[in-house]
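The following pair of complexes shares a single chain, subunit A, combined with subunit B in the former and subunit C in the latter.
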Partner chain A sequence: MNLDWLDAFLVFGLFEVVMVIGLALLLHLQLGLARIANFGVVGFWGLGMYAFGVSYVRVDWPFGEPWQFLVCALIATGVAALAGLLVGWYVADLDTDGVLVGTLGFATAVAILATTQQELTGGALGMGGLGFPYDIGTVKANEFLWLVITTLLVAAILFFVWRVHRSPYGRLLIAVGANEPLARSLGKSTFRAKIGLFVVTSAAMGLLGAMFGVMVRFLDVLNLGVDITLAAIVGLVLGGTARVWGAVIGVVLTVGLFDIVVQVYLPLPREWHTQAIPVLREALFGLALIVVLLFRPLGVLGKMRRDRLMKKVHGR
Partner chain B sequence: MDLVVQAVVIGLTENAPLVLAAIGFYLLYRLTGLINVAYAETVTLGAYFGMWANTTFGLDFYAVLLPAGVLAGLVSVATYLLVFRPAKRRNVGMLELIIISFGLSIFLRHALQFVFGYPVRFFDVPPPDTIMVLGVGVASFRLLALASVAILALLLYWFIQRSSFGLKIRALASDESLAQASGIRPLAVAVLIWFIAGLAGGLAGAFFGVGSSVAPLLGWRLFLPILLIVLVGRAWGLGGVITVGVATGVALAGATLQFGQGLYAQLLLILILLAILKIRARRLAAAGGVAA
Partner chain C sequence: MAADAAAGSAVARPQIRVEGVAKSYSGRTVVDVDELVLGDSPIEGLIGPNGAGKTTLMRMIVHAVPLDRGRITLQSPAEPDLLLSAMPTDRIARHGVVKSNQLITDFDRLTILDSLLFAVTEAEREKPYRIFSERAVFARHREEIERLLDYFGLVDATAFAKSAGEKKLLDIIRCLILKPRFLLLDEPTAGLPDDITEKVMHTLRELAAAGTTVVIVAHDLNVIWNLCDEVVFMAEGKALLRGDPQSIREHRTIVEKYLGEGHV
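Take a look at the complex of A and B:
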């Protein structure tokens, strides 16, 4: 496959956009529907990434690719789901403060373990040895195919989230976000709904972490900072927390703008790309969060489609 | 026994600024009910302002404490007037307020790098003398830091719990409309409390900065311990926050000595404090309430 026309930075930039869209879609279920502010997205994503990396590199599997990838990805998803079960149980009966401290604490614990368990994770030195589950020629071709596979995965997440919106479970999550005591008084098990939500979304976040691990082929604890969580939150908030497509549009407008338009197409001095642009990116993301929530709290897309329908039906 | 003595001495001298930062955070939390994530950057900015005053004007460490604290306090007030007050007037919900404070934290953390530069910075201070306390060597400025923090903490405690202004602050935190009806001016009191909180955070940042380095993540790395100390200690008021803060500092030092690895100590402490919060929340829920 001749991919000379394709810039290697563009492939990676697109991969980041697609991956963050996936995370923002999952966060949409938590924050947009159930009003649970998960500030530890990077914890689940990072746990999946490291669970995949450790099982892929440190275990001597008796079979080759693609089974090795599939088994390790399954392990990563399972470990992240277990973490989701634990964190979901922890935060399910707590208020916003408790959710913040629980999810932040979890993300911090993952970062500490990734740093200290040097024999497993490589610690601060990082861990190499990961690879694609196929080889179709050049590195660029392999990366491009991985981008396509990840895009399909995120499309499946988008479909899942879209289906949840229209399901009884989705309506229960909306009820949990709007008035949890009322939902509980109507006999709904909000505790179980929240735990289920955390298990499923955390598992998918872990799988996305594993996909990222394959793409970069080197795991670095520096990836476990706040950047991933910020990118998912700012994309979702800008697009609109209440709408499925809010996550997609918001991430394209934020991560897409910086990681593709600025990084690939703007003719900026090379030294800017190492420090000034990443720092400016994060500063503007932070500023965007403040401005959007102050002046357009529902984001670009506005209210939930269901709210508009209700207004039309009931006239209020 | 040696371990206990060492943990107490090291914990008190090295982690005293953590208590100061927790007091500042608690004051804001008590007044607004808001978990202000951007408070982490107040701590960071205190370290940067102190380092800037020290390296630019050649002031010694103790002379830079005043500008570091005051400037951090002014930034804290500015964030209130420019961000949180307008947000409150627009009836922004508590969840959104926390996200706004998260955005503000990220913005300040990165914007300060355009002002102070990207590399890690250091205070330009002479190497401290080592003083033996109960057989444990302690840097002289850490002892002075402990004394300063103890005095400041007592002053703040007295100010909040005993002075008439402190009474106004507590009244405002309990019931704003009733406080207003009693002649308390909410804006003046709010500005004062944001300034005091910023001052405490800034001083804590300067104490931490002089002991290690001044970097954009300084405050963020302390934020989770500060938050946990306040959430666990708040049930017993300001005294509870100070007590939990001191206990946390000592436990952190003891666990670090035991494991030989500071990160394991942090992890253990985070887990213990999270467990306390969960147990308390379940007890409250069983009694009919909901809490963090």
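Take a look at the complex of A and C:
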């Protein structure tokens, strides 16, 4: 495959956009529907990434690719799901402030564990040894195919979220977010609903972490900072937390605009890429969040339109 | 479940037994009931002055307010007793004890149709992997939802409940569609127009005739006198008197302390 026309930065930039869209879609189910303010997205994502990395690199599997990848990705998904179960259990009955602190604390704990458990994770030195579950020639070709596979995975997440809006499960999540005591009085176990939501979304976040691990092939604890959570939240809030396409549009307008247009196409000095740009990125995302909350708090797409959706689905 | 079950009971219709129940806020006792059985008659009323503890007692029955002490039990024909005071609210509702709300409350982002579908959807169809079950749920409950909406005059099902009256009515319809065994209604007709109030009362009579026990808290005493078979008078957190509507409205103490001379 001739991919000379393709910039390596562009492939990685697109991968990041696609991955953050996936995370923002999952966050949409939590924050947009069930109104659970999960500030620990990076914790579930990072746990998946490191669970994948550790099981891939440290375990001597008796089989090769692609089975090694599939088994390790399954482990990453399972570990993240288990973390979702425990964190969900812990925060299910807390108010918004409690959820915020609890999930943020979880993400911090994951970062500390990844840094201190050097024998397993490589600590601050990082961990190499990861690879693609295939080899189709050049590194660029492998990366491009991985981008396509990840895009298909995120498209599946998008389809799931889109269907959730049109299903009794989506209605349950909206009801939990809108009026939990009323939902309970109608016989709904809101506690179980929240835990279930955490398990499903955390598992998918963990899988996206594993996909990222394969793409970068080197796990670095610096990835466990606030960047990923901030990117997903800012993208979702800017696009509209209550709408399916809010996550997609918001992330394209933030991460897409910055990581692709600014970093790939603007002729910036090379040293800026390592020093100034990461800081500038966080500052601009923070600013975007403030501006959106001030002038369009419901995001670009605005409020949820259940009346239109119900008409469309049930033809009344 | 074993902890929920007590001795079996031989009651004719669902009853709720309240024993030694108390609730205080900041040292002030708002409910202090030694013994009270709700459901001796098909439709019972709970009346009393503001602050008598009626709403708090109703909320304690569905465990929306935790008890300081005491126990509340559901007794049903040919079934073991259920200790409601040891159950979470959602499980109490799943056992058929359902309560409407005194204050206007709604799911702000759900339409009227959404709200009713939500109430009737079985838990099995609300799993994350059942994302294609919406049409089946609608088909299963469509007739019943449309019958109730038509009867109560909520024409546009895919709209949101806008006025306080609509929200109040929707709250009652949500309770009705659950087909409760024991229905607790807190000020059900407050804010409703007369014709809808009549329809609500008619529906409650039908429900009671079909075996549901209904308990109503209302300040609109016309509803109490016209609808209830028995009335319990509460004051200062205690259930003081019980009797048929006629004897209660003529009771000397109740007239002096609550109804006032010249009441209807």
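Here is the rule we use: the second predicted complex is superposed on the first by the 306 of 316 C-alpha atoms of A that agree within 3 Å, B and C clash if a C-alpha of one lies under 4 Å from a C-alpha of the other, contacts with A are read in each partner's own complex, and residues count from 1 in each chain.
FYI, contacts are C-beta pairs under 8 Å (C-beta built on N, C-alpha and C of every residue); 3 or more make two chains touch, one makes a residue touch a chain.
Here the structure is a predicted model, which means the values were calculated and not measured.
By the touch criterion defined above, A:272 reaches neither subunit B nor subunit C. In the superposition on chain A, contact of A:9 is made with neither subunit B nor subunit C. By the touch criterion stated above, A:190 is placed in contact with subunit C alone, subunit B being left untouched. Contact with subunit C, but none with subunit B, is seen for A:168 once the two complexes are overlaid on the shared chain. Contacts of A:178 after superposition: subunit C is touched, whereas subunit B is not reached. In the superposition on chain A, A:90 contacts subunit B only, with no contact to subunit C. Of the two partner chains, subunit B is the only one touched by A:237; subunit C is not. When both complexes are overlaid on chain A, the residue A:160 reaches subunit C alone and has no touch with subunit B. Within the complex, the subunit B residues that touch subunit A are 35, 83, 86-87, 90, 92, 94-96, 98-100, 102-111, 113-114, 118, 220, 223-224, 227-228, 231, 261, 263-264, 266-267, 270-271, 274, 277-278, 281-282, 285, 290-292.
By the touch rule above, subunit A contacts subunit C in their complex via residues 160, 163-164, 166-169, 171-172, 174-175, 177-179, 181-191, 193, 196-197, 200, 242, 303-304, 306-307, 310-311, 313-314, 316. The residues of subunit C lying in touch with subunit A in their complex are 62, 64, 88-91, 93-94, 98-99, 101, 105-111, 113-114, 117-119, 121, 123, 125-128, 130-135, 137-138, 157-160, 174, 178. Of all residues in subunit A, those touching subunit B in their complex are 35, 37, 39, 90, 93-98, 100-102, 104-105, 108-109, 112-113, 115-116, 226, 230, 233-234, 237, 275, 279-280, 282-283, 285-290, 293-294, 297.
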